[in-house]
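Look at the two complexes coming up: chain A is in both, with chain B in one and chain C in the other.
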Partner chain A sequence: MSSMPDDEQRRDFMRRSLTLIPAVSLGSGVTLTASAAEEPPALADYQPSFFNTDEWQFILAACDQLIPSDEHGPGALETNVPIFIDKELYGPFGHADRWYMQGPFITDGDPELGYQLPYTPRELYRHGIAAVERYCQQEHDKAFSALDAATRDDILGRLEQDKIDFAALDAAPLTAGVFFSFLWQNIREGYFADPIYGGNKHMGAWKMIGFTGARANFREWVEQHNVPYPLGPVSLSGERG
Partner chain B sequence: MASNSTVIRKEPVDAVIVGLGWTGSIMGMELTDAGLNVLALERGNDRTNADFTYPKPADELAYGVRMEMMQRPSQAAITIRRNLNETALPNRYLTSFLPGDGVGGAGVHWTGVLYRATPVELKLKSFADEHFDKGFLPDDMTIQDYGVSYEELEPHYDFFEKVCGISGQAGNINGQLIEGGNPFEGPRANPYPLPPLPGTYNNALFAQATKNLGWHPYPYPSANVSQAWKNPYGMQLGPCNFCGFCSKYGCLNYSKSSPQTCILDALKRRENFAYRTNCEVTRVELDSDGKKATGVTYIDGDGNRVFQPAELVIVASYALNNVRLLLLSGIGKPYDPVANTGVVGRNYSYQMTGSIDMFFDDIEFNPFVAAGANGQVIDDFSPDTFDSARHGFIGGSYIYTAQGSGAPISNTPTPGDAPKWGSGWKKAVKDNYGHSMSMGTTGTNMAYRDCYLSLDPNYRDPNGDPLLRMTLDWHDNDIRMTRFMRERMLEIVRELNPRSHVEGFKNFGDHYDTRHYQSTHNVGGAIMGTDPSTSALNRYLQSWDVHNVFVMGANAFPQNMQHNPTGTVAALTYWSAKAIREQYLKNPGPLMSA
Partner chain C sequence: MIAWALPMAANAQAADQGVIERGAYLARVGDCVACHTAPDGKEYTGGLAIESPFGTIYSSNITPDKQTGIGDYSEEQFARAVRDGVRADGAHLYPAMPYPSYAKTTDADIHALYVYFMHGVEPVNHRPEQTDLNFPFNQRWAIAMWNWLFTEDEVFQPDPNRSDQLNRGAYLVEGLGHCGSCHTPRGFAQQLKGFDASDEDYLAGADLNDWLAPALRGKGESGRGVVDWSEQDIVDLLATGRNAYTAVSGEMTSVVANSTSHLNDQDIHAIAAYLKSIPAHTGQAGGSASKAASPDKSDIAESGTEAKLASARDLSEGERLYLDNCNACHFTDGKGAGHIFPMLDGNSLVNADNPTGLIHTILAGAEMPSTPKAPESVSMPGFAWRLSDQEVADIATFVRGAWSNDAAAVTADQVAEVRKTLPEHSFSVSPGYRSTGRDQQPTSGEQLKGGAPVEDDQ
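The block that comes next holds the complex of A and B.
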């Protein structure tokens, strides 16, 4: 098809640019230094920057439950989603750099008026994980990561439904529902974001659904109605899937 | 708080422009054309086309999720409440609406749907008085006419469409209806500069279904251009390649009309134009009797407080920020909804929207083949195209399909009965990605006595200034309208017969839920009109109270129309510029007598 040579040229150009120019700064502050050939780290070898050892075990276990590895496609652990979350919390997002964080923090207003906690995402994760671990110790005398899969699923379901009383776990004003919504949002981000942010290893999530990543050139495909697009994804750093 | 309390005083200029987005860029061209020495002050960073070269924009996390192009609430959040008794709370991170930031403003990250208002939308109150029984409109509905007619704005719409290279199919040229265009649009002097974009499969399905129902589909008027275009300023655009990173993103292909692609490089060449970035204007300063502005005070990137003297002040920031600056500066009387007095903050309104996602088994949509304004639309249910009174409301919506993004963090819809996480969620995402199409409504929101903007009593920005407080909730007239549109869209669903669908429409008793994105069409609050007791600006967008202050933006809309605001915002800016050039500069003073 006619779009392929252009795409190929562009990919080649991009790879050459990446060799010639060591750092292309992206708007988010992420630096495009990884070459296409650079292998992302193995999850087992990764040293978290933000999470402590116990928190890391929780994140690994929660990611595994929320997006498990199965016959439909790769799971959150295979795609390095925990690494993505660690990097995000370590960086500007974790510090709520764009958020309005002046008081007064009125936390009993109508939920439809949006997030009103005094916590940055880092603080929210710290308090949220601690509350869930207290709950697991109280109810099961084990850490979350030591529970069987069915029990973990049950606990995650209760978090989602806001049915674990965080106030009784000394975690107010954070609620189970708010903690879960951040956790699940960030896991999906790590699963589907460009691999340059640490997750979506080898674009596994993109390949599973058929998203094309950074190809960004489809003029010839607009009027090819009901015809599947044949090519796999490419990433910001030039990796081809 | 700025550390340096000493005020630096700059050399005077003829005109200072607050904000360098679409309206600031247009005013820059017009006022430098008139020979004025013009300075624009922009709160955010500089942004040029180099910031959007491939592959930078193809990054959903940075732009689609972390909102790199948007105003940072840390700098100036909006507080929101639904009624006079609720305590407004700040929108701590952006959700419901996404004001832009930096040079180009929201004109960089916009979707690129460029409409004109219809003749009726500009004189809605007169239309209502003629066509609805007395007493039909609720007592607390405060809709008004703009005070400017479609005929007066038509040349300015026409010119701005040429500036942008708008791609579309005309439906009415000088009263002659044209098959395939929108038969309900106002008469145009000229066709669109470029033919419509080609369309993805959802467009074809929508067009066929709505034709079967007897309606009149037409392609979205698009600022993602269909062919190469050189505009009246000598700026060049290239054809959109459907990259799929459009709304919320800068364009990587010089294809989306923006201040950067259409105006700024031409403007920056002019010796009588200059701009400064990271300069946050905090006040328009007035002389001792409060009748004339002397210039503006801003805080520069180093925290210095600077006074910039100017003969003419153009307020050209985002609509909400414009209203806040007027309130902080004491220009015009603040609106009081209890006493029903004052004008600044009055008639704030929003956009009534609804959506349906449809899921199919055996259709390939290739959702990443996308452009912001890649869509088909019907206007059969607009304020004046059917008998809305029979259904109990004034107003209307256009109904559309669009394929604007396939980026998967935000665009992986699943059927209503699918699990929300776990293995079942993953299967649902995999099974449905590429096999769903979405439809939406963009509808009117009338103005009401208890929907308005004011300064917040509790929350302040880092400079110590009060945040803007928004008071807004839904009213039954507008809910009736959106429920009616839901019924029409379900007719389209029946035509297309998907496996399942998921709908999102507001219902009676629903309140404004700020947690979800709805629209960045925030309008009103400093509205235009012909009566200073009910408008902050006269029909030339000049402050009734301070004659050398002109305010550009959708804050001028007395209520919200169904059609997207940018075309009318730009046309009003050219209209105001014409009045400044032809009348005001010759004889500075009020252009209308109060």
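The block that comes next holds the complex of A and C.
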């Protein structure tokens, strides 16, 4: 391909005498630091995105009552469970984003058919909390959060057993049992889910039960019999407990 | 007239069809599509920005469009462009176009390529961005000088002392396959330091934008990578992007996706056989050490890493981070799982002198190409959002010294440098579980604070 005389010696000399061509450095971008170690918010400083002030008081009180702090481990308040529920309702779950939500809504079908009400979880919480607060006002003249522990327990027990008549409280077709099952389910989720979702602060719930967290593979332990697992849990964001 | 002319025309076309198909296949071997297609652009319409030490070079539209493509190229002009790097108007092409390797292409193959580009590719009228380099690199005539100094212009000559298979492999690798353009080290003027196995630098491994393109010289007792692999292992990697030891990442991913995974079995085997016939150097790039060559790294040391990780006691920071982040897929023995999770023990990328590729893989993750024989593109998640520079350095240092590996430690500053080159989204696009989507875009009817009635918010 060369149109120049092919003289090996000249070529060699030229090769050696050429100056170095500086290589450019590739790539540019913004320096960012990894954000894994963000400290979760303190519950007292948290501004709910979904719940209003009164609802928030109810959620705090209900969480405290259902998973109290005791000698076994941290309670739902210490582990930010209310924050988890607020975020959960603010996000796609709250909007029933992935549910089929068109009618007909057959509310007296078999329980095996699962949840059949026309409410998204957000609506369900809004109606449910309002109904319980109405009940507390009627029976005790106080907000749920202002009641003593024994009375709260009693009310939560009645909700669970579906013994409070939501229809009489203007909340039909929602029932006390359905509302309670959502509340209890979501509280447990917030307690045990990865901290990345807002609850289970510092993996308190995992430490209590000895769960090892998001390490995904423990193949090397299958053959190690009667050896206690030495490591604390690790979260999705890489936090260690 | 028309009545009897038709079958003739059909015949001519049938003959052409065979040549077109052969040309299409050769275009795969040459991987023309990789450089001549912009991201999101139409095939062969050019415009891909190629970073070079001289500035950004844009590839040309090589569809047969007469205005903006190569529709007016004669076969002779086409041959000059592909083999000699000379454009139809006589200007020299920048060697970003790998004509120094394509120079070996035979006339018959050039013919098939020409027929394919003229008749098998749709003409597309599209003028890609024009290359506009600064002085002195905009002086295309100077490339003639460079060519004269640094390239060879011989069409491939089969070696009568080699089998047909080895000759075929050499032709594909040295010529259209242009494997050397990444795997052969370059000299001070960006010239390749060898074009065939008679050069000892040929395929001896090179640093490609700080990413090791490992040595491909595969004949030897022991070493890392191809030296240790069987012919079939090489075939697997080229056909599917993965084998029992490793999976491709970095620039090799697109080579496999666009080129080698489309080659027929015979050609892939010829390539593998040829690579296995080139004598390896001890300590060649990517082969910093082999198990046998470093007695101080004995089996005890190897099982040492594994036993330490398995006991999970008295862990160093790097060991602990490995268990928390990497063990899920690469396991305590560093052997991963063949064809799914690469072995980190003995891995070329892990042991590369320059740790940039390893750091990049940890930060940004990696995804195997989807190929006809292995359509599933298994991927590794990026850890940029989760690990600090120091943590990445600790993990990298650990894996470079674990099992039989033996490479230098990595510092947080090195990690910070690589992090700067990542696109910003690698930090926000953390795995899906991180954000709920809605959080970023509240719907208009929604009151964020204080809880408006729900009924009106959807």
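The working rule: the second predicted complex is superposed on the first by the 205 of 241 C-alpha atoms of A that agree within 3 Å, B and C clash if a C-alpha of one lies under 4 Å from a C-alpha of the other, contacts with A are read in each partner's own complex, and residues count from 1 in each chain.
The rule is short, and it goes like this: a residue touches a chain if its C-beta (ideal position, glycine included) is under 8 Å from a C-beta of that chain, and two chains touch if they have at least 3 such contacts.
Just so it is clear, the model here is predicted, and its values are computed rather than measured.
Chemist: Now for A:Arg126: first (chain B), second (chain C), both, or neither, which partner does it touch?
Modeler: So A:Arg126 only meets chain C here.
Chemist: Return first, second, both or neither, reflecting whether A:Val222 touches chain B, chain C, both chains, or no partner chain.
Modeler: First partner only.
Chemist: Please work out whether A:Ser145 is in contact with chain B alone, chain C alone, both, or neither, and reply first, second, both or neither.
Modeler: Neither partner.
Chemist: So, does A:Arg240 touch the first partner chain B, the second partner chain C, both, or neither?
Modeler: second
Chemist: A:Tyr90 contacts which: chain B (first), chain C (second), both, neither?
Modeler: second
Chemist: Which partner does A:Gln57 contact after superposing on A: first (chain B), second (chain C), both, neither?
Modeler: After superposing on A, A:Gln57 lies clear of both chain B and chain C.
Chemist: Looking at A:Ile106, would you say it contacts chain B, chain C, both, or neither? Reply first, second, both or neither.
Modeler: first
Chemist: Classify the contacts of A:Ser49 with the two partner chains as first (chain B alone), second (chain C alone), both, or neither.
Modeler: second
Chemist: Using the superposition on chain A as set up above, list the residues of chain A that contact both chain B and chain C.
Modeler: Common interface on chain A, chain B vs chain C: 14, 24, 26-28, 30, 93, 194, 197, 215-217, 219, 221, 224, 229, 236.
Chemist: For the complex, which residues does chain C have touching chain A?
Modeler: 51, 53-55, 83-86, 103, 144-145, 147-151, 153, 187-190, 209, 309-313, 320, 323-325, 327-329, 331-332, 384-389, 391, 416, 419-424, 427, 431, 433-434, 436-439, 448-451, 453-455, 457-458
Chemist: Which stretch or stretches of chain B touch chain A in the complex?
Modeler: Those in contact with chain A are residues 51, 54-63, 65-69, 72-74, 77, 80-82, 86-93, 95, 197-201, 204, 239-245, 252, 363-364, 366, 368-370, 374, 406-409, 412, 420-423, 425-427, 429-430, 433-434, 458-460, 511-515.
Chemist: Using the touch definition up top, name the residues of chain A that touch chain B in the complex.
Modeler: Its residues touching chain B are 10, 14, 24, 26-28, 30, 65-68, 70, 72-73, 93, 96-102, 104, 106, 109-116, 153, 156, 160, 184, 188-189, 192-194, 197, 205-206, 208-219, 221-229, 236.
Chemist: Contact residues on chain A for chain C in the complex?
Modeler: Where chain A meets chain C, its residues are 1-4, 6, 11, 14-15, 18-24, 26-37, 47-53, 55, 87, 90-93, 95, 120, 122-123, 126, 194, 196-197, 215-217, 219-221, 224, 229-231, 234, 236-238, 240.
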